[in-house]
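Each of the next two complexes has subunit A plus one more chain, namely subunit B in the first and subunit C in the second.
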Partner chain A sequence: MLETTELVKRFKGTYAVQGVSLYLDKGESVGLLGPNGAGKSTTISMISSLIKPTSGDVLLYGNSVVKNPAAIRKVLGVVPQEIALYEELTAYENLKFFGRIYKLKGKELELRIQEVLDMVGLRERQKELVRTYSGGMKRRINIAAALLHEPEIVIMDEPTVGIDPQSRNHILDTVRLLNREKGTTVLYTSHYMEEVEQLCSRMYIMDHGKVIASGSKQELKRILTGEDILHLQLDGPGAGMAGELRMLDAVLQVEETENGLKLIVAKQSRILSQVVQIAERHQVEILRVHVHTPSLEDVFLHLTGRTLRD
Partner chain B sequence: MIAVFLAQWQKEKRSPYAILLFIALGIMLTIVFGMGAAKKMSYAVYAGDGLEAPQAAEWVRLLNREGKFEFRLIEEERALRDVREGRAELAVKLMAEDYRIVMAADNPANREVEELVRTVYNEELQLRAAAASADDPQQYLEDVERRLRQPPLALEIEAADGGEPVRNDMSLQLLFAFTLYTVIMTVGYKVNAVMEERSSGVWDRMILSPLRKTEIYLGHMGYSFCIGMTHIAVALALFRYVFGFPIGDRYGMLLVVAAIYTIALVAVGMLLTGLTRTPEQFGIVLQIAAAAMPLLGGAYWPPGTVTNPIILAVSEFVPLTHAMEAMKGIALQQYGPAELAAPLAKLLLIAVLCMGVGINMVERRSH
Partner chain C sequence: MFVWKDLLLFWRDRKGLVLLLLMPFLMILILGFAMKGLMEGSPEALRMKAALVVEDDEASGIERFRTELRRRSLPEAAESALAASAEQASPYTLLKRMMENEEVGKFVEFVPMDAETAHTALESGEVKAVLTVPPEFTYKALVGMLLGEDGGAALRLTAGESPVHVDVLQGMLNGFVRSLNFRTALGEYGRPDAEPALAAGGVESMTDAKPMNSFLYFTLAMSVMFVLFVAGTTAAKAFAELRGRVFDRVLLADRHPLRFLGGKAGAAFCVAWLQLTLLFVLSHLAFGLFPGRPFSFWLGLSAINAVLSIGVGGFAALLTALNFRFRSSTASSMFSSIAVTVMALAGGSFTPASLLPDWVMQIGVWTPNGLAISLYTLWIQGFAAVDMAPSLLKLAAFAVLTLTAGIYLFPARRRVA
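== the complex of A and B ==
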């Protein structure tokens, strides 16, 4: 239903987004992952028609959003990365305002306000000033404000940064409820791989303004299926043997860790005996070996050379 | 639009202190300085060069006859010490047929005193000279005195252009000046909500909603206007009905001027929003602009004090200048629609220009 074609955004000479193409099918929940400055928020702003792309377009059911922003605004709910509320008003008053600007009134407005408050679990505290809320509670109202008009598509820009576990669980539950029970299409942006793994059927990984990988969880992990990760716990420094390990054909990468070494090796390479021999030669004892199948974090590390939260 | 307006009002109800403070400030400044201006200034005189006490007293009587200032006869030593130590602006040394003025600084107010003393001395000395050449000097002086009391021909003072001379009442002028000044702050802080919402992201939420942009702007500007108007209306009503300032019977006309002035202020606020990047920046620029406006417009001094052509030219772009002119005209000079047309048209022109340029810049900033 929604797709972007080669979106590009340039800010005074620097490219924030350079050629992003992605799509959302009706009822899907899709993740958008990437480290700081990857261009996620800029991409979202272009999709929601807040900023005009330098080139490329956003298509809603095949129609250009750039030419006709009104069409997407009707069906879209955006949860901004920053908390966009009146801190001086209560949660209830905020929701009343955001409902009113979506032309809701009277009984219906009241009903919707109580419904979204239930969804984010803040019904009991709706009469308190937003200013006095915890960061997590503010984030939950920030989400609620985008749901009042029952949008078909909800875009959330890092809705769980810097909050307590209770609020975070509430938010994850809200997203699940929206997607699974109400059939809302969700684009969920995050730094946290595990959230996206839990919530989304598909994901895009962005870095430096580009999509560097996309697909389902399994598809992405397959990028690394040819490899295993070996954690060696040693009783002494591993620096000495690292060089020799790197000479082995089956070893793709060697990294020093806190208490040993981490190797990325080709699968089924029967490398263990060689590793043991090298360790003996350097008079280092291997206390433990752990073979690990890659996670999405590893995929990300593999693709970008950085961890997500760097 | 109503939703935007109401949200601002709800915020106001939570913390109405800022606007109340500005209204109170305007009233306090007016009472402190305006009352001061209304009080007659008092100056010290002393007898010099062996002037006899009765003669000195006679000069003091003549000086005080004008009623413009109050002159008090005191010891020479004390009078001079007061000037030297800054307790007095000036002291007048009386002599039999001449005078000297010792002043701490040369300023318009002091020059006015000197002018008066000179006139009184000139007239009196001429009169005495004429009397001396008459047959019976004592009889002559009495005649003059009597005729002055019942003049066969009333003299009227006219301004150079033949019209009535411009009367000015400093306390009323200051009343308008402080009211118009404090309302700049009130309106400015309300318009700053636009910038606050742009930086908090509430603005983007409104853009994404079915609200039209004109509704967003009108909601905000309408609100700022209402608050500004309320401020002026309350302040003027308090001055007139509670403190009894003589602002005339044309309260309604004053409100018309206030309305147009407030529109101009909202427009200037939009211009500042276009020129600055954050609510904090806006706040700083607003304070500078608000402080500069009355200074440029000469609102705190008697008319004609500011003569620098550059400042006078700049003051033409300051809404406060024209609002002052219109309000003083209404309260003191019976200005009618014809006289009010020019200042009000200038205010509207400033409003249209600032609003156009301001909104344009705000919109451009979003891309």
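== the complex of A and C ==
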């Protein structure tokens, strides 16, 4: 349905996106993961025809969006990361304006406004000024405004940033509803791994403007099948011993955590005794050791050397 | 739909509304009362004392002029006619008559002093200006007036720090000099009974309408100044839409960006027209500006409001385009903080244009607010449409120019995001 081929965007000599190729099948829910500055928003802007790629193309049903942006605009709804609303208007007035710019009018417009308000759970508060809303409520209206024209494809750029758990759950439910019940194709961008794990069947991981991995949750986790994750709970700071641990052949990565260290180590490597010795040398007591199978977060750490929230 | 949304946003922006409506009305109220005396030409408000320093000797000047006539061996009849004219229309005598004129006396009291005392008095503020009649003034002025040669005669005016008073005095002296030249040019020096027409300062009235009072003047001046802020405010709001990515939604809905720009110009037009109309109606109700004027008068006023508002719409479009092109609100901020002040100054919103230096006036007649003041004044004083046409055309041209520039500079849809 939608495909990008080798998308590149260069701003004044700096590459924001370097050769991104991805695709979305009809009715799919796909995640686009990456830390801040990975190039996710620029990719979305190119897909939605807001900025022109330096090179590469976006194809909708095989037709170039770069050459004919009107084609994608009819079927696309974009939820921007910013609250792109008029704060001095009520939710209803906002939706009425955005509906009218999509050429909806009369009863049809009224019906759609009430439908999307129901979808985001704000029907009762539609007559209140947006500026009086909580952050979560604003984000929900931000989503509603992108759904008025019943788009076939919805792109959501970090729709849950900085909101309360109740609004977050509501947004996740809305995305599920859109995708599973209404068959809307969703491209969901986030740096919350658990959201993408819950909502998306496939995902792309971006870093430094490139797609560094892609596939289903299981496919991505298989990247780390040769590794184990060791959580060490320590009675003191682990920074001192981290350097020495990195010197060990079996240790692939070391990350400091809130109460100790997290190690990615080669599967079935017998390094525990060495770890204990290093801890003793640094006069740090190991309170607990926990071994677990890798999560997507670990995959990301493995691929990029940093966490999603860095 | 764009205009509707922008008007709603203006309506909800209570702080902005206060700036656009209440502020100008307060300014009209304050300045109207403060400048009442000056604006209505009250002699008491403008009354001043000026020192008169006479270094010229009129009698010996006339005698020297006679000697000059004899030296030139003119025909006897001409010589005696010129000598008689010199006696009867001596420039200094005419100047004295001007100073003794009852009308002039209402504004300026000339106190004879010697040069040193006069300057001490000026420094202490006892007098507002010193008028010096320099040595050989009579002789040189007669040579200039009667023999048509450049005698180099000039009166000297030394002013203190009261520009309004000094302007009035200078206006009188300029009037005197113009009358003298006019009289000489017409050869009227043979009619000593013909007094030069003295410009006594105050307000000139060219029709049957009453001269402007301070409230009327400041209603015009403040309205045309504050209406310009509508353009800056509109463009600033538009930039907030760009920054907040609301404009992206417009593009994503596949609406042409010029519809957005048109909405800005349209909303600015509506707000400007409403602002002007409300200010005129409020001021009329508060200060009785246009008693007994017929409906057609209000219609005309409203039409001028509309033309000026189109200009404001054009400005809003241009500033919006600049904000979008440079992705910064500098253009609208600079406009509201600097350009409006400069235009208000040059266009006569702070001081009546007639009191401004010539070069400032020349700039002022090209500003939208200056043009609008001139149009309102002509309409209020009952001038015919033909007299208003030049200013009206200039204002309309200005609106078309800014609107066209705005459309030209507004970034094309694929370049904006």
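Assume the second predicted complex is superposed on the first by the 259 of 310 C-alpha atoms of A that agree within 3 Å, B and C clash if a C-alpha of one lies under 4 Å from a C-alpha of the other, contacts with A are read in each partner's own complex, and residues count from 1 in each chain.
Following the convention adopted for this analysis, a residue touches a chain if its C-beta (ideal position, glycine included) is under 8 Å from a C-beta of that chain, and two chains touch if they have at least 3 such contacts.
For clarity, every value in this text was computed on a predicted model and none was experimentally measured.
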First (subunit B), second (subunit C), both or neither touched by A:Arg281: neither
Subunit B versus subunit C as contact partner of A:Lys182, first or second or both or neither: neither
Partner chain in contact with A:His292 - subunit B first, subunit C second, else both or neither: neither
Which superposed partner A:Arg100 touches (first subunit B, second subunit C, both, neither): both
First (subunit B), second (subunit C), both or neither touched by A:Arg222: neither
Contact residues common to both interfaces of subunit A (with subunit B and with subunit C): 48-52, 73-74, 76, 78, 80, 82-86, 88-89, 93, 97-98, 100-102, 129, 145-146
Subunit B partner contacts - residues on subunit A that touch it in the complex: 48-52, 73-74, 76, 78, 80, 82-89, 93, 97-98, 100-103, 129, 145-146
Residue ranges of subunit A in contact with subunit C within the complex: 45, 48-52, 69-70, 73-74, 76, 78, 80, 82-86, 88-89, 93, 97-98, 100-102, 129, 145-146, 149
Interfacial residue positions of subunit C with respect to subunit A in the complex: 1, 4-5, 8-9, 12-13, 244-246, 248-255, 414, 417
Interface residues, subunit B side, partner subunit A - complex: 2-4, 6-7, 10-11, 14-15, 200-202, 204-211, 366-367
